[in-house]
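In order of appearance the chains are A, B, C and D, and numbering begins at 1 in each one.
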Amino acid sequence: MIAQYPPMGWNSWDCYGAAVTEETVRANADYMAKYLKDYGWEYIVVDIQWAQPTAATHEYIPFAEMDMDEFGRLIPAVNRFPSAANGQGFKPLADYVHGLGLKFGIHIMRGLPRMAAHRRLPIYGSEYTCAQAANPNSVCAWNPDMYGLKCDLPAALDYYRSIFDLYASWGVDYVKCDDIAREYPHCKREIELISEACRNCGRDIVLSLSPGPAPVEQAEHLKKYANLWRITDDFWDEWRLLKGMFERAEKWCVHAGPGHWPDADMLPVGALRQCYEQDGQGADSGERSHHGWTNFTEAEQRTMLTLWCIMRSPLMIGGDLPKNDDFTLKLLTNGPLLAMEKEAWCAHPVCRTEEECVWVAPRKDGKGCYAAVFNLSDEERIVSVPHSAVEYAWARATELWSGQPSDALSAKLPPHDAAVWYLE
Amino acid sequence: MIAQYPPMGWNSWDCYGAAVTEETVRANADYMAKYLKDYGWEYIVVDIQWAQPTAATHEYIPFAEMDMDEFGRLIPAVNRFPSAANGQGFKPLADYVHGLGLKFGIHIMRGLPRMAAHRRLPIYGSEYTCAQAANPNSVCAWNPDMYGLKCDLPAALDYYRSIFDLYASWGVDYVKCDDIAREYPHCKREIELISEACRNCGRDIVLSLSPGPAPVEQAEHLKKYANLWRITDDFWDEWRLLKGMFERAEKWCVHAGPGHWPDADMLPVGALRQCYEQDGQGADSGERSHHGWTNFTEAEQRTMLTLWCIMRSPLMIGGDLPKNDDFTLKLLTNGPLLAMEKEAWCAHPVCRTEEECVWVAPRKDGKGCYAAVFNLSDEERIVSVPHSAVEYAWARATELWSGQPSDALSAKLPPHDAAVWYLE
Amino acid sequence: MIAQYPPMGWNSWDCYGAAVTEETVRANADYMAKYLKDYGWEYIVVDIQWAQPTAATHEYIPFAEMDMDEFGRLIPAVNRFPSAANGQGFKPLADYVHGLGLKFGIHIMRGLPRMAAHRRLPIYGSEYTCAQAANPNSVCAWNPDMYGLKCDLPAALDYYRSIFDLYASWGVDYVKCDDIAREYPHCKREIELISEACRNCGRDIVLSLSPGPAPVEQAEHLKKYANLWRITDDFWDEWRLLKGMFERAEKWCVHAGPGHWPDADMLPVGALRQCYEQDGQGADSGERSHHGWTNFTEAEQRTMLTLWCIMRSPLMIGGDLPKNDDFTLKLLTNGPLLAMEKEAWCAHPVCRTEEECVWVAPRKDGKGCYAAVFNLSDEERIVSVPHSAVEYAWARATELWSGQPSDALSAKLPPHDAAVWYLE
Amino acid sequence: MIAQYPPMGWNSWDCYGAAVTEETVRANADYMAKYLKDYGWEYIVVDIQWAQPTAATHEYIPFAEMDMDEFGRLIPAVNRFPSAANGQGFKPLADYVHGLGLKFGIHIMRGLPRMAAHRRLPIYGSEYTCAQAANPNSVCAWNPDMYGLKCDLPAALDYYRSIFDLYASWGVDYVKCDDIAREYPHCKREIELISEACRNCGRDIVLSLSPGPAPVEQAEHLKKYANLWRITDDFWDEWRLLKGMFERAEKWCVHAGPGHWPDADMLPVGALRQCYEQDGQGADSGERSHHGWTNFTEAEQRTMLTLWCIMRSPLMIGGDLPKNDDFTLKLLTNGPLLAMEKEAWCAHPVCRTEEECVWVAPRKDGKGCYAAVFNLSDEERIVSVPHSAVEYAWARATELWSGQPSDALSAKLPPHDAAVWYLE
């Protein structure tokens, strides 16, 4: 089964934006193999704009030329990914990652490059052209590169087949498809085509849909056609966004299970925004500064990891791994905590207010359960698991951040902090 | 704890409407004590209009005189409840029910009788009058008897105290308060006052709120102030309503737990609508006929019981118990099935389409779990539990309606039928 | 034709609220006959609560006893209307008003008195009772006195006939029916019944519907069944409300015509709120103080009169007439301005912004037209009629507030002031 | 003043779609000069796709090459407009039209050609490029040719100036700008830029905005920045659309006046859809057939002309003029009817139901008024002007379709027919 457990890995967006390079990818893969692999981390994912030679920040350049083959398929910009030279695409880089015992993923946008349509390029292995497959009125609201496809025409599936077959030949293990998960209903059919192309490309490829929020009314459709799908818009290191995730997690938790995972987005921890000079200048958004380290407090990072793990969200690290400090590395290598991703099931909140939240999840093996408490307020606060919430008759409780045994399911928490117990 | 498990019992509405009598209540109590008590059934609940001497069907008579004491508190109509003579209220009947080892409940409408306001009667134990407590603009949309209260005034709490103290003196164990659960936000404060009066009356009284649908956004408020609350409008023996319950159950399931239970409403099984002549004439609604037996097929009744049990809804039998046939009695005494009400937790659907639905629930003791499949279509259908849905590693499966062991979690089901497995 | 022109008169609400007395009515009628009649003013209207003996302010007293006859028809409280003694109702007062050459009107609430239903009083001239006609679930949101009627039953028309026949016998010329104009769709049928009773009572009675805003989608229904209907909620002496009327007037202007007039509500000029001690204490609403004189500036009063006249709204003076000062009397006796109510037609705004508004209306006789400019801003401002707005080729312009000739259709206006020209 | 009266003319869309040619334009201009000019018709407007060499029907061809100059300005396709050879653009054709005593208009889409952006062409007379002015995310929902502009950048105004200056040099008198009138709020600024470029191009050019429905809340903005704007989506020869226009006309009528005219769209009369083989085959829409003659009955055409004239909508004939039959020519040359466009003002409906509608309009010169009745039902029906509707005291009535005097303002009308009286 593809994605039996929530995928865990690293993604280049939070630290390198549209400007990720092969060198950076290799460095992060090396780090993961050395420090994280033993804890379950395995995917190395190259995010957006790898075909655009001049991308330098988190922004997109309208009408920029993108590298593509004669069939309108984007290929890595060789100036950024040297091993892609001579038409080898991502194969050499994927081979390198595989050689470390890891898996390799890439980002794509739905649709095909606008210029492939204007140039009327042929679709590989098809009688149709890109001009026939492209829908000139289907454009992404935030990225200028592509046209969506006319999904009622056979040309559309032909195009998607042509790219997934290429990705399979490169050795891709994970595709994050963008501009699609929140685009219901008009992208419903496009999701089905992409899924069909992915499932039939001859290689096990995890299919991840972005950005969110995907509509919860489409849960069954998403579970059938994708392995993970974003439940939020882009998540960054702001408390407001983290707090908001509790409501989203509540709506989605019943839909998590082997092969289909609601995705709370990357973990913005450690060294972020590394594609900028670290002088605090040059904003790409008024909402966050550009200094290069996560704005999350340690408490907030515990809260994030606790929620992501108990709800069994996929875990994709956003920070530049080689720059991790001790705290960050320790955060990401808390084995008993990460075990929830594999051992918990039927996780759900038992209460949620503006000030606090409590989650509970049994273990699949029947040997106990987990209970987490979150202080969502801005003041120190004692948060307790309600008696009604843990119907499992436990004998021993261990708090997983401290590693200490506990008599009561109650904790005095700093603002935005969390505690989580393993109950046996 | 009040309502540690979902309450199970009998309610007079489905079979006797507004016309229930003491004789009927005693007969149903006798039957329950003899045939059902051993399976967990215990509440005997007298539904609406017990203070109205002339009620004869499911309808309400505008401007009818209701029996009340000199403090504007409704008291049982003696012509219908003879033991209430001499101001004894429901005490003698409650005593009788207690004598059988059962518990006794009554229905009330929020507010106070309109005539108690127009007559400016004093509130018992208060310096205020009913005219001061009543809000002349707060009337029920479907019942003509009461005025809601001005909940910002102390007179309102005084009135609610006066009635709950009376109910405690009668020995009432369960109060179903009507015209309130779906009346958010304007009844939010009224719920709090009723809860306060109930909690402080000196007796453990289960507080149940009707009718639904209560708004799921108010889940925390409901959990705090009530023991159960309706998640639907009145539920009757129509497949359309039963099918619709699957969506409601999905929204509410995370909110079930000791002390607070989302309520899917009475079970319309067996002999219903017994307050009419059984000639099929005299409709009180164009939507259902008046014949006296449930319109649900046996398959539909299995589906209903399975869903109510796995979601841990309260169970209130709607039929006239002494008229139960073998099927109905057997349906209500399936011990392993009913065990889910006490032993399951963290129940949730894992998929739901127009055609089928699957639920899963672990056991609290860690010894296995439950999985149920439902055929929601109108044709025979094989319904299977997805592999991703049961992460518990089970060794043995028993189907609880047949009592037979099973190799696979898959069943060929007639239209509207269900199967449910206990997995060890 | 009833209401060939927009009715003009006086109404007791703004100055005496629910506490109007016969003495006050007579004094206002005397004043109108002496000072206003020659300018077209003719209706004297007794507003709400004339059947309630203890009403003293603008508030309503829940569960107060109201005077009614043995058929559940409200009759004037004799302590407040002495001439109503001996069952004469409003006949003596109406006779007095008629003797002055004026017309007499009263206010009613839709429905019948609640206690008439609870007492099951018979309906005059009908086989039915008030209990049968009353709908116990139809109550006014802001007044506690009445139940709306079950308009599908013949008893409802019987009741409305019984009251309109009584009003005709009293000599009533104008009925303002309340709790109805904004209550579409549920009161649509009730409007039709009231209209039918009014049209068939044997006397010409103007039928006015309140409160607003009536829905503009129902314009044809209103035009068919009523002579005037409110286009706003209660209008008081606040600039915010006056400014808001420009948008409402724009929506409704095409619906004004002989027999059917959109009504912008009473004119709060002169001595208001006379039912309070004039110490500025005792608010019935946080939004306005209780001092006894209009809060409108003179400029605002000109703006109000100009808009009401050019849009041809009914004009009902809200102030206590005998207390008028010179300004107020002059305001109300500007003949050339008031002539617009009779001579203009096809009036409409030609532009409207946050800062200014311009209206134009031809004359019916083809001899010229009117153009008005309004300064809606809080600063002095030159407001001009756009060239495109007056397609009539005029030779002479007279400004109607100053009475002066004018070369250009442009005026430097103080904040909230207006100018209006008659163009020949 | 530009557009002192509602423009009247001919537009190529209804008969030739995207495939209009110079030959056709000249033939229609010749006809107009000969048969229609004396009645006020004067504009000859070339509609969409004149820069696209291969357009053949009403459809648009994605990714088709369009003729443009080296500054990204579209120019007429020489194969369709031979006189445009040698860079002369529409100048020779405009000269020809002017020589006939008529005026010349063209259609444009907001924005600039997509390929002008992808090719990064310079903007004429600007320091910026088309790539800088174009917004890659602003595309038309129904046409694939253009990108909208980044209206906050100076490059946007530069581009619009560059095209309007070109149009002025060609001698264009009328520009119909498409993909904009219903695109509020996001196109509000784009309308302002286009208006500014139009007003400053050195030639009087009528600015018309399409398609509708423009939002009535934006009436003041539209009146300020445009001369006409569509109040509906495309109007064709279907009764459903014509009936629907009565509601739109009611909302918009107060906004008609010199310089600013709400536009009910072209008149689909006579020979339509001439770009198809006339075999009834080949639908471009499931809703209408392709036969080449209007589907409107004669009655419906009278209704359409009556409504358009009394509301003072612009009049643009949609049929191929040389193919007019007698009825059509007579319809378009009813002088007394067309006089309403110039002589009426303050037009408005006085009633409108599903079955009938009545409009009234005074004359600007004070000498009478107009009243029109419409039978909107599917059966013969007597429709009368309500007495309350015509407050002008008329002495003589002439029905303008029959030319006959009339005693009463009432007519027995066939289904969908109209009558209109001139009242003196």
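Some observations on this one:
The rule is simple: a residue touches a chain if its C-beta (ideal position, glycine included) is under 8 Å from a C-beta of that chain, and two chains touch if they have at least 3 such contacts.
Predicted model only: the values in this text are computed from it and were never measured.
Using the contact threshold fixed earlier, the set of chains in contact with both chain B and chain C is empty.
Note: centroid distance chain A to chain C, computed from Cα atoms, is 64 Å.
Separating the centre of chain A from that of chain D, both taken as means of CA atoms, is a distance of 51 Å. Each chain gets one centre point, the mean of its Cα atoms, and the points for chain C and chain D are 44 Å apart. With touch defined as above, chain B holds no residue shared between interfaces to two or more other chains. Taken as a contact graph, the chains are arranged in a single closed ring, with each chain touching exactly two others.
Within the complex formed with chain C, the residues of chain D that make contact are 1, 220, 223, 250, 253-254, 257-260, 345-353, 360-368, 386-389, 391-393. Every residue of chain C that touches chain B in the complex is listed here, in rising order: 62-63, 114-115, 117-118, 120, 131, 134-137, 139-142, 144.
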